[in-house]
Each structure stands twice: as C-alpha cells, then as structure tokens.
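Presented sequentially are two complexes of subunit A, the first with subunit B as partner and the second with subunit C.
Right, the complex of A and B next:
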C-alpha cells in the first residue's frame, strides 16, 4: 500500500510541471537592447516641377532631425530594394523588412506659387501597417525648414510617444572678440543652429536670456545702465521693456512664470540677494526668500507650484526647493562640490543643474527629491543647462580653457548619450530653449 | 496568480520531502556482512605457501614474449631489489635492511590478503602471467606499450594498421577471373599491449589543463528533421556483438518505445518546455527589444500575447493584454514589444516541434524596470 502511495506521489510530482504549463507559454523579458531605430526616407515625391528641389531638401531635413536625436538611424538609399515613386503607391513591406528598416516615411511636396504643401505617411514595417494617419502641412516656400521640422516632429512623436522638439527655437548670447573684450548680443536660431538672427546689438553686455512659455518674449539681463537690469524683449518686433527696480538694486537671473504673466528673479540690495516675483501687468513685487545668504537662479516647476533655486545658506552653493509663494525650503543636493543654475524639467520629474567639483564642471540631472543624481558631461567649463520642450534633451554652453578659449553650445540626451556641438558660426553661450512653435 | 499545477507541484514536493524525512512505510533491513576470518601466520609458513603456489621465476615459458629490454648493467644483488612495480607506493614502510637481509624469497605483495583459505593471489589473473626471463635481467623494465591487455601483444608490423583482429594482407589476384573480386585490404594487427602499466604510462605526457567547456547543444531544428528519419536512423546501425549491457539497454529502449506508443494519443499534451528552451526563446526576443531608457515608455510594463504556427512564425496580430502607465507611453511600449517579436522571428522561432502545444500560444511580459535611467 505504501509503495502505491509513494508511486502516486512521485508521478504527481513529476507530472506537476507539465500540468503547470497548461495554457500559453509565459515569459518575462527584462533586458532589451539600446540601439537606434532604423528608418528609411525615400526622397519625397515632387508633385510639381517647382517642388523637386524642395522635396529633396525637405526629406533630407527630416532625416537629419531624426538621426540627430541619436534615437534613430537612417537606412541609406543605396540599400533600398524597392523605390517609392508615388505617395499613393502600396508599400512592399518585405522589401523594407529585408533591409531591416523598422520605420518607413514617405511624403510628397507640392509647390504652387509661394505656397508649399507637404504630406507624409509613416509605416511600421514589421507589423505591416501604417502608424497613425497621413498628415499634411501647408506654408510658404521660404518656411520649408519649418515644414520639414513639423514632419520630423510628427514622426518622432508617433514612434516615441513623446512630443518632438524640432520645430523650436533657441535664444542665446552670441559672442565675438577676444576673451578680455568680448562682445555679446542676443540672437535667436532654430534648434539645429539654422536661421540665426540677432535681437540686440553689441553695445552693452547681455546675459541669461530666457524664453517666455509661448516663445513670444525674451527676458534677459542687460548692463546698459552700468547695473544689471532685467529687460523684456518682444521677439516679433524687438521692442523692449525694462523691469522697474529701485536705484542701487541689481536684478538678474530672471525667468517667466508658467503663465507668462509674472517674472521670478534675483534682486541684490545691500549685499543680500533674495528671490522676488514681479507681476508684469501691475509691477507689484513679492519677496519670496529672506535669508541673509545668496538665493538666486530660480526655476518654476511645470505646474507652477514650486521653485528650485540655488543658495549658499548651508555654507556652500546647493540646490533647494520651496513653494512658489516662498516659505520653508528643503535642500535637495547633497553631493560633493557646488551646485547651481537649476532648471526644472518640462516633464516635472528631473532638475538639471551645473555642478562644480574637483576643478571640473558638469551638467547633471537629479530627481526632484535629490535622488538619482547623474552627471551627463564634464569639461573645463560647462554651465547653463536648458531643456528641450519635451524634456528629452539638454542644451548648455561650454567654454574652452585659456586666453583664446571660446564658448560654444552643446546638446546632450538625458541618457548622457549623443553629446554634440551645435553648428554655429562664432561663439555662443547661455542658451534658452523655447517651446514648440504653433 | 499561480496556476493549479503549481499548487499541485508544491503539495507533491512537500509531501514527498516530508515522507522521506519521517520515513513512513520504509522497512529497514539489517545490512549483511560477510565474516572473514583472519589469522596470523609466521614468515616461514608464508614462505612455504608461496613456494607451493607461485611458479618459479624463469621456468615458465612466455606464450608471446614481449620484447625484453636488455639491461646492460650487471644485476644488482637480490637483497637490493625494489619491490615489484605493480605494488602501490609504500607509505611509511622502511626499505629492506641491507645489513640484515631477510630470507632470499621475494617480499610478499603488500596488497595480498593473507587468509587461512587457499593461498591465492586475488590480484593475479587466473593464468599466471608470463614473466620475462629473469636471467636476462632481475629488474625487468615493463614494456612501454600504450595499451594494456591480459595477453601481451607484439608490436604490429610497421606497415600494418592497428585493429582488433589480425588479418593477412589481401592483394587482388590479377590473374583470377572470378566474378567476386575480393576487396583490397591492408594487413592489420592488434595494437601493442603489455600486461603491466609502466611508470611512464602513469606519468602524464602533457600538463593537465582544464577541459574546455562543451558547446551549448544546438536545439534541434524540428521542421527539418521529420520523425521517420530518426526512426530510420535508429534502425540503421550495424549490428554489434550483443553484450549483457546491450541487452539491458535494448530492454530499456523497448520499454520506452512501448510506453511512447501507448501514450501516443496523449502526445498533444507533450513534455514541458525545459528551462533552456524557454531561455533560448526569451533571448531571441530580447535581442530585438529596443528600449529607450530616457523615454516615458521605459517606465511602462506591457504584457502581450500572440500565437505561433508550427514553424515558429507569428500568426495573426500581437495583442496587448495588460499594461500600466499612461496610454501614450503604453502605446509606445506595446509597439516596441510588437516590433521585437516580429523582427526577431525571421523565418520562425527555433522551438521544439514536439512541444508545439506548449508554445503555440505565448504571453510575454516586457518589463523595462531594470533598464531605466538611474
């Protein structure tokens, strides 16, 4: 009897795994690969004779935008098996699978007089279906670059699930001349360094320009009067307005509030620097900090409820967070070195900062509670981070060492990858990334 | 959520382990020991027994004498002889005292048991091995053959192939006109063998090195190996001389075959997927799962399901079963998972065909928590 029971149990134990596998095979995958998504962009179809050059340039711009992120890699046209000669042509998916193109972008361009129409479709090659519906943009021929950026933004957004940042602009300080007599003026450019336009002349020193939330105005610090003052510049007509301060006060490091109606900034008076908020319509000032130490570089959270700023109240320069209305602040940076110029991410989850430690400067990010600090760059002088509109890329200025050192602007993905300089003629510093254009 | 099979397995394991610990139902039977009587005898008695049973060295003519190694040096005195080489290295035993030599008889082998039964040497073969002529050398050098056999063999001729059977060289008869022509065959002879293992045989010829790790077994390609071929291949081997071990193996194979045939209708359930098979499948999908650690999709876990045909190709759509996170990130994460599954299938996932019922439906959880930026 006991032998039978023993045999039954043995059979039961041996059979249990088989019973356990009834139903679908279940697997859990926790390790993937980190590599660019491959995509193919056959030259957009020119639906009119005048559109040929624009179609070619525009499709190349889409490729540059996507490949420039480091998240995508183009499959060159020389590898194409089939060609897309017509926008309405059905897609031969096997041909694109064979060259391992995961995404396929087709488009067509029409030029009629000064009007430019661009339409495109995005295909997920391996699932054999279109990702989203086709889109069409209309604009002027002169604005073809914006049209290309729009197409790239749409593709980026559909594949990554995040907003794009290609159709955006950056305001910065353009620099020229030797280091001991450097001329500075405000300039604005496309995110990729194209279409640089100057907003001020170089008669006075300008610092720290900051875009308004909708990109129509720029705040900056000017030394036109000999003391630092905050100006508000209208990007469209380059009209300026100065923020009123009392004689002897120095105002600097301004940023717009999230609604663009007020400005938070640092005000230095009698050797003490604190953070203030001024309503742009009424001119009313509100003091947000009142410590005897230096509080500066305020940056609002995306929801406008909190401010991250730098302070030396602990004896060294560190980062703190307080309510947007002032009050008790809590320190979030505790690493070695000094932390400054904090900027809250548009996503709200990270704070970018400049860190100085052991003779090197770094651009880094940390969570808003100070955890998970990661340094993304390291050089002789990296400073002034600014976030892309989607919170994915950080742009900053880097200065090289020595009397002949120059400033230039770099961008880096928040993963720390894809560090690259912006192709700009001359020196450039203090970038501020504006929003996506409408 | 655990499946019922998991519970059954758990209960079964616990019950079995408990039973083994407590030992219910096991009958303990006393071990049987063989009694061996041992008595002490004197040296003279032992010498008498040896003289009665051990053939006199030099009197036995070897059947197939191994080429002796002639020792040019004069033989040493018998008292200075070393113990026979087949004896294990003497541990703390002192060498024979030269000044007070024992009786001229050779010392007994250390591993020879002394009983009051018949004085036989259990380590020796039934037939006493031929020994080389001691008149040539009292300290014969064992032949340095690579092969050890109960019967020594002479070195094969230099132009003969080594084989177990001695064959004469067959040369085609050019003059013969017989229809059946004998196949040309080279002369063969058994490999040289000795009855003893020489010291040189025991010494390694090369330094011991770790054995390289065996290659991972390549999973069989079920689609290209139909089962009838396997059966045919199993039936094709040339008949070999039957041994008792072969008989056991045959009986076991027959029993397994009978069990397999009787269980044929239940093959649909099939054996479970092994861990290696599951890992192989998982790794195949891994290599195409592209995760962007900086994206919001990297914070989303998605569970997707799909079906495979017998060649391992995805049939129909890949379905999103469950997810967490906001919808935009979920869509992106799902599309990345779908791309991984579809890209890496290529001509079909390599899965065991006989376990198709175990993998025809698959649910994969893509969890990027370990890849997020930290």
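Right, the complex of A and C next:
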C-alpha cells in the first residue's frame, strides 16, 4: 500500500516537467501544443506617492500583455506567499517555487513631474537566478502604457529568445454608419487597442492603409477625388499628400518598399490592373507586371528582392511570386478556392493570405513555395492579414453577415491558437501592424 | 437672357460638384432606380432630354454575374439606350462607377469594379459616344445599395452605374 502511494507520487513529479525544469527558463515557440510558462508580477513598487496609481496600472498591463499571448499564465496575487515590498529586496525563491511561478517579474516606478522611470527585474524562479540584467526605461507619465509594453517585450524576448511586439502600433480604418453608407476614417492605435487616434476625417472613403517600415508614414487609398488615389500621410504631423503615380485612371493597393524609399502599388488603365513601382525621391515609375488580368496586393520579401502578389491570370485569384524588378512569376497557391491579399512574413518563411472557398473566408499561412498551407480562421468574411513585428501573430478584419453586418479586427497566433477580437469601440477594418517602437 | 442662361449653367455646375462627393450615396441610395448620384440634376422623367429620363426610363445601371465583367443581353439593351441618349444630349458627360458585391477581397473588388466600369465605357464608345465624355471609377465593395448577405442583394450590388454630369464645355 505504502509502495503504491510512493509510486503515485513519483509519477506526479515526473508528470510536471515544465515546472520542475532543468536549466534556465526558456520557452521555445513551436506549432505544437504549448504549456504556458507561469509567471507572477507583484505590483511594482511606487517610489513616491504620486507613482502609486501608475505603478499598479503598469504592473497590470505587463500581466495583460504576457497573458494575452497565450504563452504565459499568471499566478494571481492571491496565491502569493511572500510579498515584494522593495525592488532591492532579495528574492525568497522557495516561496515562488511553492506556488509554481516559473518566472517572477519585479519592478519599481518613479514619477517626477511629467517624467516616469520604470525599473524591472526578471527572475528564473526554479534556477534561482536573475534572467538577464535589470533594465530601466524612461518616458512620460502620459506614455506609461509604452513603458509597460517595453517591460513585457523584454520579458517575452528573454524567455522566448524572439523579438517582442507589445510596444507597437497598428494603423487601421475606423468604421461607422450603416452598411450602405459606411463612413471610414484612418485611425491609429496601440497593438492592444488602446489610445485610438484619428488621422483623417470621414468625408471620403479611405481604404487599406500600410505603415512604412519605420512607422513614420502611412500609405492609403483615398476617394477624395471620386477616383481611387494613393495618399502618403506623415504620422507625426498628420500632413498628407497624393502620391504622383504613373499615369492611370485608378491607383490603389500601395505598400512601401523595405527601405521606405519607393512604393509598389496597383494602377488601372482601360480595365486592366497591373503592379508598378514609384521611387519617392526621383519620381521614376517602373511597370512590374504586364498582363491583361488583375495584378494587385503586392508584398515584398523582407530582403526586398521578391514580390508576392495576387493575380487572376489563371481565371481565379491566385498567389504568385516574382522578382522585385518584375518579370516572370511563379504560382504558389494550388489548393481549392481563391487566394488573395498575400503578405510576406517579417521572418521571411511564410506568406499570410485570405482564402475564399465554398462560401467561407479564411486567413491562412503557407511557406513561400506554397507548401504546408494552414488555415487559421474561418468565418463569413475574414480578410486582410497583417503580421506582428516578430512574425508570430496575425491581425485581420472580420465582417459579420447580413444587413446589420459590422467589421472588427481580430488577432490570431500563426499556430491558429489565441483567436481574439481587438477591444475597440465601433467598427474597424484593414489593420496594418507597424514596427516595434524605438 | 444671357445672364439668366449663365446663372442656370452655374447652378447646374454647382449641382454637379455636389454630385462628385462620394458621400452623396447617403440619402435614399437604397431605393431601386433612385438614380444614385444624379439627383442633383433637374428634370422630370417624362422629359426625354432629362437626366431623370436617363436614370429611370432608360436605366442608369447594368448588372453583372459573379466575378465577371461581361455585359449581358439585358445590359446591352440598356446601354444602347444610354448611348443614344448621350449622343442626343451632348451637353452631358458621365462617370461610370463599377461596383462589386461583398463576396471578395477589398482590393481585388476595386479592380473588378474597374473592369466592369470599363466594359460599359467600351460598349458606349463602340456605340459612338466620344470616349472623352466618359470617365471610369470603381468603388469595389464599398458602396452596396442592398445590404442583405445573399444573392438577391448581391445581384443588385454587382453593377456599373452611369452617373451623368452637366458640362457646357463638351462639344
């Protein structure tokens, strides 16, 4: 009997390898099922009275960012055995091991006037040591969310070995009004839906914005003149001007080159749509495709040498890859249905796309040779994927069916897990995820 | 007399300017045959020289099958009427607006709407309307006139609408 109980206990211990880890804390993100890393964030120490609120809010934001990935799970404060009242205090590792917190994040917040200073440390509880060195970020009190995102990015990065994505922004189209008179305006938000700001008014339709590689400008399609035209908007001062494209009746579907110095886009003439490139400094235009079919939605590879785009030259929308200078293209999509809006991942290995098949829309990813196609979502109308700066998460638009149909933005891991809507007011579509902020 | 005539032209031009605002679709665009866009132009449907006659009696729009820009036989007879009207009423220009239903991606649908608008322009030009009087644009799936999510609505939304504007400059 006693032997039996002992054997049972041994099995229990063996069955929890993620907790009783060997070696340093590390989560390798794979496509398999991931056992989330458990973490504890005692409320950051407020080093002055006026820092109390922001210290508490900022600690919660770090928790939200990490838990929101689905890769980390919070151990709630109610389970804590020891408290961390001072940032300098040594860590009582056994107390954190006892509640199965694999990672411990402590921090301190100082406010002086408008200035905010955040310090944090990350501990690998089961190895009983600090993971990386303590870091300090300085910013403004109003920008406290960015400081919280920066802490979470550093934690994410140290544990996964990959870049983070929390301190980033998304430009999108804010929507209001009924389906047959929808008002659209350009807006920008933090990656988590906070701090929404409008960049244009809703006097004319705006579509499909795209961030520049460093996030300073946004390209979008505007109907100001009644004809689709491409505008370039400066994010800092909201100044905008029309892109001088090659001569054509309609210009749309713009994206920046990887160096931000030229724009690739679709131009329509006489019913035909092809892809062009315009150099922003010289104004020189190059035609990249010349087919009688629709060529649109171009996206450059991270090294800037290739373009993935969609074309209906085969009779239906499919994905093709060609050199960034144009020329022969090879088809990469061969599954059932139609494929559009390809977007090359920042890591270079995958292409995200919209697939339309049997009356449903999907967001999916495939390798750049078309193999290993995986559909991540399915709904009445999903479209327009955009990649997180680290290539781990995809954001897209989802429109609901019927007369009262509205559009909202969702994010999903490239594993297909962790599908969730962005918590913002009103309708929203066409997200474009910007870079990690400096 | 001269001044009055000028004034009338100015008023019509103003009305036309109002028409180029894409948000004009706001009021009553849902009603069939409401002539989306040309409401600002004067006239009555019983006057064959009026834009109302063009919009309602001849028909300002043609419809398309899913993912095509081929003009149907019914479409051809409407466009024959449009061409004849435009050849008679030479003071009018037109912007042909192509549209798509919601079953498609945004940018592809812009290109598809453009194809449809261009197919109408080519047909009208083949019937003798000077190309210089016809412009094309596309709203893709951005401006449906029917809002349900089934084929009865989609069929009405896959359209090319010939939107008249008055122009005293045209020969």
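FYI, the second predicted complex is superposed on the first by the 401 of 438 C-alpha atoms of A that agree within 3 Å, B and C clash if a C-alpha of one lies under 4 Å from a C-alpha of the other, contacts with A are read in each partner's own complex, and residues count from 1 in each chain.
In the analysis below, contacts are C-beta pairs under 8 Å (C-beta built on N, C-alpha and C of every residue); 3 or more make two chains touch, one makes a residue touch a chain.
Bear in mind that the values here come from a model prediction, so they are computed numbers and not experimental data.
> Between subunit B and subunit C, whom does A:291 touch in the aligned arrangement: first, second, both, or neither?
neither
> By the touch definition at the top of the document, which applies to A:354: first (subunit B), second (subunit C), both, or neither?
Touch partner of A:354: subunit C, not subunit B.
> Which partner chains sit in contact with A:161 here, subunit B, subunit C, both or neither? Use first/second/both/neither.
first
> Should A:92 be classified as contacting the first partner (subunit B), the second (subunit C), both, or neither?
After superposing on A, A:92 lies clear of both subunit B and subunit C.
> Could you tell me if A:205 is touching subunit B, subunit C, both of them or neither one (first, second, both, neither)?
The answer is second: A:205 touches subunit C but not subunit B.
> Look at A:180 in the shared chain and tell me whether it touches subunit B only, subunit C only, both, or neither; answer first, second, both or neither.
second
> Touching residues of subunit A toward subunit B in the complex: what are they?
So the residues of subunit A touching subunit B come out as 2-3, 5-6, 9-10, 12-13, 16-35, 37, 71, 100, 102, 124, 126-127, 131, 159-162, 347, 372, 374, 392, 413-415.
> So in the complex, the part of subunit C that touches subunit A is made up of which residues?
Listed in rising order, the residues of subunit C that touch subunit A are 20-23, 25-26, 29-30, 67, 69, 95, 102-108, 110-112, 114-115, 117-119, 122, 135-140, 142-149.
> Across the complex, what residues on subunit B touch subunit A?
3-6, 8-10, 12-13, 15-16, 19, 24-26, 269-273, 278, 281-282, 285-297, 305, 318, 328-329, 331-333, 335, 338-340, 342-343, 358-359, 361-371, 373-374
> Show which residues of subunit A lie in contact with subunit C when the two form their complex.
Against subunit C, subunit A makes touches at 178-184, 203-205, 207-208, 221, 223, 225-228, 249-250, 252-253, 266, 268, 270-273, 294, 296-297, 310, 312, 316-317, 340-341, 354, 356, 380-381, 383-384, 399, 401-403, 405, 430.
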